[in-house]
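Both of the next two complexes hold subunit A, though its partner changes from subunit B to subunit C.
Up next is the complex of A and B:
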C-alpha cells in the first residue's frame, strides 16, 4: 500500500513539475553584421530551447550548420573558416532568468527579463548577461532578446582581407515561442 | 597588333570580373540536382546518433541523405518555412527536417503518414537535424 502511495505521489509530482517546463525546437536566432563593404544576415529557425518556469533556468542550443545565408560562399566561409562547424557543431547558452519571481506566466503581458549565463560558441565559453522580454500569450511564452557578440571573444579569427566586410560586433536576435512541455 | 592585345586583355579582365562577381553572389544551391549518398530510416538514423554521435557524424555529417519515417509533427517557422519531425523511436525527439523554402509547391503530408525526403544531415541537437530538405 505504502509503495502504491509513494508511486502515485511520485507520478503526481513529476506530472506537476513537467507543467512548469516550456519547450521549443523551432526557435529563431538571427545574426546581423554591418560593415562598410557589406551587410550580412544569417538565420536559424531550428533552435531548441527549454525554460523551467519554477527556477528560471534556461537553455538554448543551435547547430551552426543550420544558419542559412543568402550567398553560398558566405555560408561556406562561415562554417569552414570562421566558426569551424565540423569541429564545433553547436552553440549553446545555459543560464537563468534572474527576476523570474516578477514574471507571472499565468497572466497575459510583456515582462522585462534579466538573464545571466554562459554562452559557448566555437568551443569558447563566455559569461553574458543579455536583457530580454518575456511575453505571455495564452499558453505560449515568447522569449525575445537582442545582444552583441564579438567574434574575437570566442576566438573566431577574421582575416584582415575581409575585415571591411565583417563587423567587429555582431548583433544577435533571439525570438522563441515556447509551449508547455506536454508529457 | 598592339591594339588587338589590348582588346583581348580588356575582354579577359571583364570576363574575369564577371565570373568573380557571379561566384561571389551565387545563392545557396538547392539539393534538387544532388543525389543522396545513403538511404536510411528515421528510426535507424536517430538510434545511430543516440548511440554514438561522433561516429554517426563521421558517417552522415554534411551528407545528403534520403530519409524515410513516420511524420509526428509539423511546425511552421517564423519565416513561414516548414519543419517536420519524423519519428525516431524516442518519446520526445526524432529527426527534425527543415524543408527548403526555395523549393515551392510541395504538399505537406498529414501526421502519421510516411514521409520520404532528402536533405543535408547537419548533426544532433536533441533531435537529429536535416536542412534544405525536399519531399520525394
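Up next is the complex of A and C:
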C-alpha cells in the first residue's frame, strides 16, 4: 500500500513539473539588414528554447554557424569576420516573461508578452526588453517576437568599406513552436 | 515502514534540489545535442598562391579569377622593376556541389588552356564526427597552344598535353593557422630530351597565418624530387598576403615562378630568389552566387 502511495506521489510530482515547461530544438531565428547597397537576410532553424510557464523564465540558445545566407561567401564572412563563431559559437538569451500571470497556457488564444532579459552575442551581454506574442494552440505554445539588434552594441566591428552594405540596426525575428517537455 | 518514509523524504528532497538546479539554466534540461563542427575557411580562397588550397567554392558559386605576374624585380628601373611586363591567367571556377568543383583557364604563358576538377574526400571536423584533416583529390590537364617548336617533324596533338595530379592534405590548426602537404605527380607527354623524365614527382608544402580577420600571410614551396627535370629549372617558392574586402579576395605575392598553371610553376620555374629573380603578382577573386542553396525549415 505504502509502496503504491510512494509511486503515485512520485509520478504526480514529476507529472506536475513536466507540465510547466515547454521546449523546442528547431525554433526559427532570422535577421534582416537593410542598407543602401544591399539587403541581407539569414535564417537559422535550429534555435533551442525552453520556457518555464510557472515562473515565466525563458531561455534561448543558437549556434551562429547555423545561420544560412544566400551567398556562401557572405556566410563565411559573417562567421569569420563579424561574429567570430570560432571564439563565440553561440548567442544566448536568458530572461523572463514579466506578465506571465496574465497568460493562461491552458486556454487557446494569443497573448501579448513583455519580456526582459540578457542577450549575449559575440561574447558581449546586453539587457534587452523585447515585446512579443505568446500563442496557445492545443498543446503547443508559440513564441513570436521582433526586435532590433545593433551590431556595435555587441562589439561587432563593421569596416567602412562595407558600411553601405550592412545596416546599423538589424531586425531580428523569432518564431518558435514549443512543445511540453516530458521526462 | 521507516525506511519507506526516509525514501519518500529523500525523493522529495532530491526532486526539490533538482528543481533548484533548474533555476541555473533551463537549457540544461534538454542536454547538449552533439553536433559535428566542420572546419571552415582554412584558407581565404581556393588557391594558396599558385597551388590549390583545401578550400572549394560552395555549390552554385562561380568564381572569376584574374591572375597577374609581372616581370622580375631585378629588371631594375629600365623595366620599372618588372611592372613593364605582365603575364595573365583568366579563370572561371564553379562549385557543382560543396565538395566538387571544376575550373577552366587561359594563360598568356605558352598560350595555354587548362581545366581541372577538385573533390573534397575528407572534411576536418570535431564533435560528433571527428576527423583531424581535410583531404582533397585534384587533377588538371593543360594544353600548350603555342606553335610547334619543330614544325618540320610529325607532331601529334597529344604532345601538347600535360597532366597534374595532387593529393591536398590540410589541417586548420587554429582559427588563424592552416598548413598543407601536397604530394604531386606531373606527367608530360613530350619533353625536351630523353635525359629528362616524362613523369615528375614533387612534394608541396603551404600554409597561411592570419594577421587580422581580413589579412593573412601565405606561403607555398614545391619541392621537385632530384634528377627529374633539366638543370635550368628550380623549385617554386612564393610568399604573399591575402586581403579580403566584401565579395573580393586580393592575393598579393612575390614568387620565382612566372607561369601560373600547374606544370608551369611546378616543373618550369627558372627564377632564383637569391639572384633577385622575383616576380610581383596578384590574384583577384570575385564570386557570383548563381544558385540559392539555403536549406528550408524543418517541418
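As a convention for this text, the second predicted complex is superposed on the first by the 172 of 183 C-alpha atoms of A that agree within 3 Å, B and C clash if a C-alpha of one lies under 4 Å from a C-alpha of the other, contacts with A are read in each partner's own complex, and residues count from 1 in each chain.
Here is the rule we use: contacts are C-beta pairs under 8 Å (C-beta built on N, C-alpha and C of every residue); 3 or more make two chains touch, one makes a residue touch a chain.
No experiment lies behind these values; they were computed from the predicted model shown.
Engineer: When the two structures are laid over each other on subunit A, do subunit B and subunit C clash or fit?
Structural biologist: clash
Engineer: Considering only the touch criterion stated at the top, classify A:62 as touching first (subunit B), second (subunit C), both, or neither.
Structural biologist: The first partner, subunit B, only.
Engineer: So, does A:81 touch the first partner subunit B, the second partner subunit C, both, or neither?
Structural biologist: A:81 contacts subunit C only, not subunit B.
Engineer: Tell me which partner A:146 touches in the superposition: subunit B (first), subunit C (second), both or neither.
Structural biologist: In the superposed model, A:146 contacts neither subunit B nor subunit C.
Engineer: After the superposition on A, what does A:165 contact: first (subunit B), second (subunit C), both or neither?
Structural biologist: A:165: touches subunit C, not subunit B.
Engineer: A:90 in the overlay: touching subunit B, subunit C, both, or neither? Say first, second, both or neither.
Structural biologist: first
Engineer: On the A-aligned overlay, A:21 touches which partner chain: subunit B = first, subunit C = second, or both, or neither?
Structural biologist: After superposition on chain A, A:21 lies in contact with subunit C alone.
Engineer: On subunit A, which partner touches more residues: subunit B or subunit C?
Structural biologist: C
Engineer: Which partner does A:71 reach: the first (subunit B), the second (subunit C), both, or neither?
Structural biologist: A:71: touches subunit B and subunit C.
Engineer: Using the superposition on chain A described above, determine whether A:114 touches subunit B (first), subunit C (second), both, or neither.
Structural biologist: In the superposition, A:114 contacts neither subunit B nor subunit C.
Engineer: Under the contact definition given at the top, report the residues of subunit A touching subunit B in one complex and subunit C in the other.
Structural biologist: 25-26, 28, 43, 45, 48, 61, 63, 65, 68-73, 86.
Engineer: Within their complex, state which residues of subunit A touch subunit C.
Structural biologist: Residues 2-3, 6, 9-10, 13-14, 17, 21, 23, 25-26, 28, 43, 45, 48, 50-52, 57-59, 61, 63, 65, 68-73, 76-77, 79-81, 84, 86-87, 94, 159, 161-162, 165, 181.
Engineer: Which residues of subunit C touch subunit A in their complex?
Structural biologist: On the subunit C side, the touching residues are 1, 4, 7-8, 11-12, 15, 19, 22-23, 25-27, 29-30, 33, 35, 37, 40-41, 57-59, 61, 175, 213-214, 244-247, 287, 289, 292-295, 297-298.
Engineer: Sort out for me which residues of subunit B touch subunit A in the complex.
Structural biologist: It comes out as residues 23-29, 57, 61-62, 75, 77-79, 81, 83, 85, 91-92, 96, 98, 120, 122-123, 125-127, 129, 131.
Engineer: Name, in rising order, each residue of subunit A that touches subunit B in their complex.
Structural biologist: Against subunit B, subunit A makes touches at 25-26, 28, 43, 45-46, 48, 61-63, 65-66, 68-73, 75, 86, 89-90, 175, 183.
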